[in-house]
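A, B, C, D, E and F label the chains in the order they appear, each numbered from 1.
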Amino acid sequence: MTLINKLEPQDDFIGFYLIKELEIKQTNSTPPKDYFDMTIGDSTGEMNAKFWDISESDKNMYKAMQLVKIQGSVQVYRDKPQIKILKMRTINENENISLNDFIKSAPIPSNELMQTIQQTIDNICDLKIKEIVLYCVKKVEDKLLHYPAAKTNHHAFFAGLAYHIVRMLEIGDFICKQRPFLNADLVKAGIILHDIAKPVEMNAQMGIVSEYSNQGKLIGHIAIASSWVTEAAITCGTSLDCDQVIGLQHLILSHHNLGEWGSPVQPQMAEAVALHYIDMIDAKLQMVEDSLSASPQHEEWTSTVRGLEGKQIFRTNF
Amino acid sequence: MTLINKLEPQDDFIGFYLIKELEIKQTNSTPPKDYFDMTIGDSTGEMNAKFWDISESDKNMYKAMQLVKIQGSVQVYRDKPQIKILKMRTINENENISLNDFIKSAPIPSNELMQTIQQTIDNICDLKIKEIVLYCVKKVEDKLLHYPAAKTNHHAFFAGLAYHIVRMLEIGDFICKQRPFLNADLVKAGIILHDIAKPVEMNAQMGIVSEYSNQGKLIGHIAIASSWVTEAAITCGTSLDCDQVIGLQHLILSHHNLGEWGSPVQPQMAEAVALHYIDMIDAKLQMVEDSLSASPQHEEWTSTVRGLEGKQIFRTNF
Amino acid sequence: MTLINKLEPQDDFIGFYLIKELEIKQTNSTPPKDYFDMTIGDSTGEMNAKFWDISESDKNMYKAMQLVKIQGSVQVYRDKPQIKILKMRTINENENISLNDFIKSAPIPSNELMQTIQQTIDNICDLKIKEIVLYCVKKVEDKLLHYPAAKTNHHAFFAGLAYHIVRMLEIGDFICKQRPFLNADLVKAGIILHDIAKPVEMNAQMGIVSEYSNQGKLIGHIAIASSWVTEAAITCGTSLDCDQVIGLQHLILSHHNLGEWGSPVQPQMAEAVALHYIDMIDAKLQMVEDSLSASPQHEEWTSTVRGLEGKQIFRTNF
Amino acid sequence: MTLINKLEPQDDFIGFYLIKELEIKQTNSTPPKDYFDMTIGDSTGEMNAKFWDISESDKNMYKAMQLVKIQGSVQVYRDKPQIKILKMRTINENENISLNDFIKSAPIPSNELMQTIQQTIDNICDLKIKEIVLYCVKKVEDKLLHYPAAKTNHHAFFAGLAYHIVRMLEIGDFICKQRPFLNADLVKAGIILHDIAKPVEMNAQMGIVSEYSNQGKLIGHIAIASSWVTEAAITCGTSLDCDQVIGLQHLILSHHNLGEWGSPVQPQMAEAVALHYIDMIDAKLQMVEDSLSASPQHEEWTSTVRGLEGKQIFRTNF
Amino acid sequence: MTLINKLEPQDDFIGFYLIKELEIKQTNSTPPKDYFDMTIGDSTGEMNAKFWDISESDKNMYKAMQLVKIQGSVQVYRDKPQIKILKMRTINENENISLNDFIKSAPIPSNELMQTIQQTIDNICDLKIKEIVLYCVKKVEDKLLHYPAAKTNHHAFFAGLAYHIVRMLEIGDFICKQRPFLNADLVKAGIILHDIAKPVEMNAQMGIVSEYSNQGKLIGHIAIASSWVTEAAITCGTSLDCDQVIGLQHLILSHHNLGEWGSPVQPQMAEAVALHYIDMIDAKLQMVEDSLSASPQHEEWTSTVRGLEGKQIFRTNF
Amino acid sequence: MTLINKLEPQDDFIGFYLIKELEIKQTNSTPPKDYFDMTIGDSTGEMNAKFWDISESDKNMYKAMQLVKIQGSVQVYRDKPQIKILKMRTINENENISLNDFIKSAPIPSNELMQTIQQTIDNICDLKIKEIVLYCVKKVEDKLLHYPAAKTNHHAFFAGLAYHIVRMLEIGDFICKQRPFLNADLVKAGIILHDIAKPVEMNAQMGIVSEYSNQGKLIGHIAIASSWVTEAAITCGTSLDCDQVIGLQHLILSHHNLGEWGSPVQPQMAEAVALHYIDMIDAKLQMVEDSLSASPQHEEWTSTVRGLEGKQIFRTNF
């Protein structure tokens, strides 16, 4: 049983894996032959894999998000490791393999994350804010149990969004104690709501985003979430012109800080400035942590990280 | 009776004018004396004016948006003409002077503009779109009768916003005939709604914007208008997920084209691309027309126009 | 007989097509074998095609811009459809196939477009402007009958340049009526001349640009057209310093609006501002229309369009 | 006794103040007269002040950083409040006024801040790092007791630099607990060293920066601090090529994140990413807090803050 | 007799100066009084000057570009030295004062510069290039004797343009010897022609640019010079398509390197790359030299230089 | 014996070459076969080469930086020429082949370059500067004999760095004579030191950079060189605050001119401005010269050059 992040070029191996992507392609040979171009993974990582010379029954049997047992070897193609599959079969019920073991997950169980978020909402003093936050969270409650926070950038794993919120709440709590002039209700609400519409912006399964939705592309999670606050206020009978509604919408709309990063207005409330940087520090450090854990322990440098100006990260070891 | 745009340095003059701005300031002399620092104007333009050595009763008598009769002379201060007021008094009722004659207005009467907008709405075929547009226009109906389209950039005059909409509707109508693949309902609705929240973004009187509102700074007219579509859909019982609602929100959100110009999403529907460029061509040509008519006929170059990359415009005369 | 834009992966088909590009390449096999790497097309689109195991006589027989009959099947390679050619032969004279049926063309016949342009020139009142426009158009008259307006960006089809000019003239005519302060002669002349040197900037055949010319790369169509105005004025005996010559050169030089888009000066005449935005609205909407018609009717999203900030376009269907 | 931040236009007042800046200028009158153009302040803020009709003895008696008693009135000049001084005298010894009461200071006493920094250094485990940090802090120990962190941007007050370091250490401590993969020694050292050369970059007295030094302009605090690490390593006998020296220099050099913000390299270690965002969150929130406390309680909006994209901050009050 | 660059605040002085600019303005006093707002200068520099309480005969007697004798004193206004004129009179013929002594000039006499340029043209081997260069230089021969190279940026003095050309020719000569693959004819021609249309772009007298011309604003010196090459080729009977014409136009059009700096095409010939950097090194070092010589010897830092990223220059003195 | 830059598609050839890169890869065939993916080169250029069907002994025998005799043919793969190796063997001692003949080298022997640099140092008058320069050069003396100046951008050949320095010294010498106000010692020292830390930033062999070092990525050659000046000053007993040390550090730190190009401070000394442009003119012209000589004589255009805004260079031939 070999974990993905332990596979090295030239290795022969056998193991259980999740098919994360599967496409039928054809070789250039005459006549052309069909083969599977796949991404297989487990909780430790993922790798491209080729299954050559497939049969018609193979084509019917295998598809994405399926668990399989694979015998293969690791080759190098265009400087990247790639698996050549020699044998593949579906798993038996009595092999007792759970899908959950094969996907990358937040280090804290999903229901605990939800509890923390729920408790934070309970502790919001301002009732108008509390009602609106509750309404918005309700809209995506089910998805919050498993959605990632992004497609590839950061927290791209099972319950990544809820995990991102909870870690930000911890930092927010600390910063509010350090600087008591901040309105703690707004900071909490801003953290919970800032990415709350991501489950509508993206389609995801098992923590893996497959694509952006139409609404995601045409409106974006920032404007969707802002509209949810409008919807919540109407439902709760709160005036759309009251400071709480305007404040929450401002927090959501400005949290990307600059127009070129997607925010139609820039932070102009203390809590909006705080929200942006709390979001940044958590997202960026998660990217660093993920890229370090995804690269082999003995490598000094990770691969390049798009969200960190395309830089590689150096592993300090003293 | 001398019009503002006819005043030249060294002129002595008498006339009726509108006090557009008035501030009490103090000279550096010992002891300091109070004076009025004013902007006076008529339908042809405006100019800075100083009224030295004012009395206490002057301070009580005069304020902004008042009509007055002035005797003065034109001086030059820091390369700009400036009026030195020698005498000033308020107008008598029997002088038969109407405020409307002293402000810059759209060349078409306000109620005619509103009729055109109303008729365009009547001709929208898609009922969901029609209802939403109607709802949003109703919210600002009164203000649409007189609001300018911007603080200084373009259409900064009485009913400028309605005039901007009507001219854009004319262009939109032409483009939809030229390219029938465009959805004419969406183009019409997009034009009417794109700046519909400007009367909430800015505080204005008589076509003059005094300042941005809190909502204007914190949320901005783009996100406000998008939320109004949400509100309208809820009120009309239209699903927030239907294509019409998403389409209208996309048109509003993307009409500034780029993130750095305030749009959180970029145009991704044919009608959104059309809307942006129809907005641009009308706004930019209005800036040109306004700057040419605001500068003396005998001057080859206008003053610099901020909305046109800070360039001056050359007056062609052949 | 199957049209290119109807071909789907796995299809087997027979039909007549135009060879748009053809290159002889070699496989990695031992010993390597020659094959044709081709782009084949018809009036509806184009697709990559491979012809494996070619003979020496094949190499002599086939070349670009030739019409052929092909039997093949559609495969998928690197996520894109690709044709595998099984049989190919040249056409017989009695098959009555005309090259014109196989290239994408403007929806209006080339000679009608030229007539419209000619009539517009006839209607220019200012004689100096008329002479210069006439002189410049004469220089590329033959090419104007068939040249595209760009390599890939927009109007990249047979007579695309003339079509672009004619559609812009329609919009220009409308805008001049809407805003009578514009000089209609300058607007017309600017539209006809703004891209007039493109046939010298690019080498094209049948509406397909193969490459930029040396002059195109080293001088660019903007400076070439400006020099043509100089040449025209000298030939017509018009002073190089008169307002008409300066005005026309300004229109040409500034029509890309910004330095980073290739304009050495920015629009500083009302007609130059109008020209730029008329150009933009026509070019951008043509890109939208082309990308929608090039993608299958049942797909909600087109492929990405470079000229539209790299965005895909969403197909509205209500 | 009136505090600066309580002064409103038209107020007459008497009080003790610090002369922060003083320049002798001349009026435009004939003959010209000398006057003092001053900035006076106390612990709550500062304001421009004019003292007209000064004598020769006045010129000899008054200079910057002197405490004086002033009788004056508040006027408005170019939209800003300005003090007109009616009487001014130096203070008597028996008036028991201390300079310290007149300057803005960190809310924690300077020596406590230094103790916290010293304790943090004591707790660094890696001896090479500890020695280098100690050496660099020693170089500016005296100045660290009173230097501000910047000229105007943030923490521009007495002991502002030490205060900035201490608050960052608190956040760093929290983040290191939240993400144990971070090397706490590097985070602590990075926080202490990142701005350690600012006292050499700028000349300051009583928390007020008067100007940048030659070294500050020509080399900058980032490269100076990096050279100090070199110097420290040589003095301590630590190899310049060891990971600790390279790591510390990387932290210092990259802490502004981007080239255009002054960093010659970008963060490429987890601790460097953490350092940059800890610096940002503390600096930006301090700017917000300072601008809110510098503007009157009843004003909804602060003046614009250069370090926050030139935005004003809105005061929430629920 | 005191030179401008020796005047210090508080100085009383008498001397001869050139009136470079003169405007009649009015004080804010009641009644307002006329005064002269002037720029006076000599060969060492220039300074703002005020002449208060002028008479009607003063207004008739004095104008720009006149030589006068002044008695005055140096004051400080808004941190800048300013002259208060106590007495002023025009000069007598027998005072033997020559205008040339009062303007900043190239350090080499104008006619020697022209000779060098003429000799360089004589040494161009390629006859087509030689003829074109000759034709273009002829067009501005008179103005080349005295025109500056720019309004303020660099070489803003009498014969500055010719001096800039000659210094560049020296560098070009050196570089061509160092890298013999460069075509020396093209380098010479490019240097002489690159700014040759500046005398048409700007209106200047005695080395001082008063304003840009209409042609300068609407077409710009880059496109004007490129059109002159067209004109020259037509006159000389040289084909517009030959490599020499295209090459010279490319050199002129690309010499600002980037679109945002005004070049519609970027350097794509070896000689065009050389030309751009030879231009840069000469222009930038002249800015440095001018700003150092314009600031007092005892000051370590010059004032900010717009063409050097707005930086001040440090005077090294070892 | 065929030189690389003479090889054309379809050529069969035999010759001696240097293996510059060698990687073992595997084909997609079933079962996969190992092959060599190589870059082979000589003094005239380099090309990709494939050696199919290799044996185990081949894998042991061949590695990078080895000289071999090859029989092969030139094919085209993805529009680029590629060598198919038919036979390969290592060279015999008696074949008298020297590695030096197979690498691209500076046109002047390495030891002559070093002599020139040494003589220049000898002629520096200021003793403090001379000592520091000497110390820094000593640190990399061995590497300076063969290091390239960059990985790919410019002077990427054997002794390229020393060659770049020497050519810059020639230009610097000329410019100092043309503008005597420049401090020649600083110019010389700046040229020698500006890239002196590149041998530590990059790992190179035989003029070929394989990768950046950890120090290179984390600190960068600019900050490393600046620290060397610190080290040199400490060793030589020169004060770190003296003008010479600050001046040299400023020259090094600012020589990339802008923050986004890696300079933490911008040039603020005359010699720093000179250094930047001397560096630019030499680097850019070398890129041009290299790209022209690397492309076949009969091709009008070179391939694109990354350091020249991604442009191709046109070969003039008159």
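We adopt the following convention: a residue touches a chain if its C-beta (ideal position, glycine included) is under 8 Å from a C-beta of that chain, and two chains touch if they have at least 3 such contacts.
The chain lineup, named per UniProt: A, B, C, D, E, F = 3'-5' exoribonuclease YhaM.
Everything quoted here is computed from the prediction, not taken from an experiment.
Using the contact threshold fixed earlier, the set of chains in contact with both chain E and chain F is C, D. Common neighbours of chain A and chain E (chains touching each): B, C, D, F.
With D-E and D-F as the two chain pairs, more C-beta contacts join D-F. Distances between chain centres, each the mean of the C-alpha atoms, put E farthest from chain A. Averaged C-alpha coordinates put the centre of chain A at 43 Å from the centre of chain C. Centre-to-centre spacing of chain A and chain D amounts to 40 Å, using the average Cα coordinate of each chain. Chain contacts: chain D has residues 214, 217-218, 247, 250, 258, 268-269, 312, 314 touching two or more partner chains. The list of touching chain pairs reads A-B, A-C, A-D, A-F, B-C, B-D, B-E, C-E, C-F, D-E, D-F, E-F. Of all residues in chain C, only 214-215, 217-220, 222-223, 226-227, 230-231, 234, 240-241, 246-247, 249-250, 253, 258-265, 268-269 touch chain E in the complex they form. On the side of chain F, the complex with chain A involves touching residues 23, 25-26, 28, 30, 32, 214, 217-218. Partner chain B is touched in their complex by these residues of chain D: 27, 50, 52-53, 75-77, 84, 300-301, 312, 314. The residues of chain C lying in touch with chain B in their complex are 126, 167, 170-171, 174-175, 178-179, 181-183, 186, 243-244, 247, 258, 266-271, 273-274, 277-278, 280-281, 284-285, 288-289, 292, 308-309, 311-314, 316-318.
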